[in-house]
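Would you mind keeping the following structure in view while I ask a few things?
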Amino acid sequence: MPVHQEEMSLATTAGTDVHDLTPEVRRVVARSGVSRGQVLVFVPGSTGALTTIEYESGVIQDLIRAVDRLVPGDMHYDHDARWGDGNGYAHVRAALFKPSLILPVHGGEVVLGVWQQVVLLDFDNRPRDRRVLVQVMGE
Amino acid sequence: MPVHQEEMSLATTAGTDVHDLTPEVRRVVARSGVSRGQVLVFVPGSTGALTTIEYESGVIQDLIRAVDRLVPGDMHYDHDARWGDGNGYAHVRAALFKPSLILPVHGGEVVLGVWQQVVLLDFDNRPRDRRVLVQVMGE
Amino acid sequence: MPVHQEEMSLATTAGTDVHDLTPEVRRVVARSGVSRGQVLVFVPGSTGALTTIEYESGVIQDLIRAVDRLVPGDMHYDHDARWGDGNGYAHVRAALFKPSLILPVHGGEVVLGVWQQVVLLDFDNRPRDRRVLVQVMGE
């Protein structure tokens, strides 16, 4: 049972930047030759995260506003007082959402609902060159 | 190392509906024949999620109230303004909790604390027929 | 493809106690002999959770304060009214953060960002002897 792994790169902007990774995840799963198993999507770093959502601009804005309410950017963070990064809120948001997402693979395809996409959430306060690992394991 | 997969169906009600999936997850792990490995539980769709909690009516109500505070149902959502679904809050809640849960299998059984159960959280504003995938991989 | 599993024990204190598990996770991955695959970290019990964060005292305090705001300890919980445990908030926090974390293994090492550590979050209101499972699967 070999493990298939690929890495993708993408440029993100400052603020909560949401990217649809579904087409690339589907391509990696197809190239893996795995019929049944799991696909793990992971973003290295402590200010990014992964989840699923309907990739529709209305609900993406709703998510961004919810994140702003849950972990506000405009308040005191010890991290910023100590290091001056100004991205303490991004660290806390990423710890809440977590950097990995695991999904089943069945019939050679990632299993998702019809209106369910895999998204990268980049919470950092500056543009980043992100790399995302996609790893497929199974039979 | 074969991959064992089963699907369960369940009917959910409107509002935050919490279902204990532990007995069925235990049965699927037993039927898989896997002694050591992982079990992945996944709900397709963008208004459901999975986590663990003590399945006790008091704390379930506490969780439901916390969800209502964290992502309120009674406020403006762009998703609803655009599509009229009225379930924008359910999408945001599901993105926060995520649709998958992975747990270790050891000694042929899923590893859980004594007061720790696997639960489906259905946030949608209407009854749904949900399917949940349970996939076991290991030796 | 064998599955390598180890268990670690650690003593936690009352309140949100954050422990850096990264060195031990790295050691388990090294001992597993797995070159490419996944490592699953899991805490049994319904008042603990796992995530990643920069293990820096400023941002750890920021996370603890965020958790206090998101799921306050000083309010009514049905769980406490029924069972008198006083840790209803810990159950809800753990359900939000979840008890498992899965990360890729590549080149025989767990993949993490430079300032990204694996942490146990213990939300319970009393000291606990926690065990944490680390399971490595791959080629």
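The chains carry the letters A, B and C, assigned in the order they are written, with residues numbered from 1 in each.
Note that in this section a contact is a pair of C-beta atoms (placed from the backbone, for glycine too) under 8 Å apart; a residue touches a chain by one contact, two chains touch by 3 or more.
Keep in mind it's a predicted model, so treat the numbers as computed, not measured.
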item	value
Rotation in the CA alignment of chain B with chain C, degrees, nearest 5	120
Interface residue overlap between copies chain A and chain C, same or different (over half shared)	different
Whole-Å gap between the CA centroids of chain A and chain C	19
Junction residues of chain C, two or more chains touched	1, 70, 96, 98, 102, 137
Complex contact set, residues of chain C against chain A	1, 36-38, 51-54, 56-59, 61-63, 66, 70, 96-98, 101-104, 106, 111-113, 115-116, 119, 137-139
Contact set on chain C toward chain B in their complex	1-3, 5, 40, 42, 44-46, 70-71, 77-83, 88-89, 91-92, 94-96, 98-100, 102, 133, 135, 137
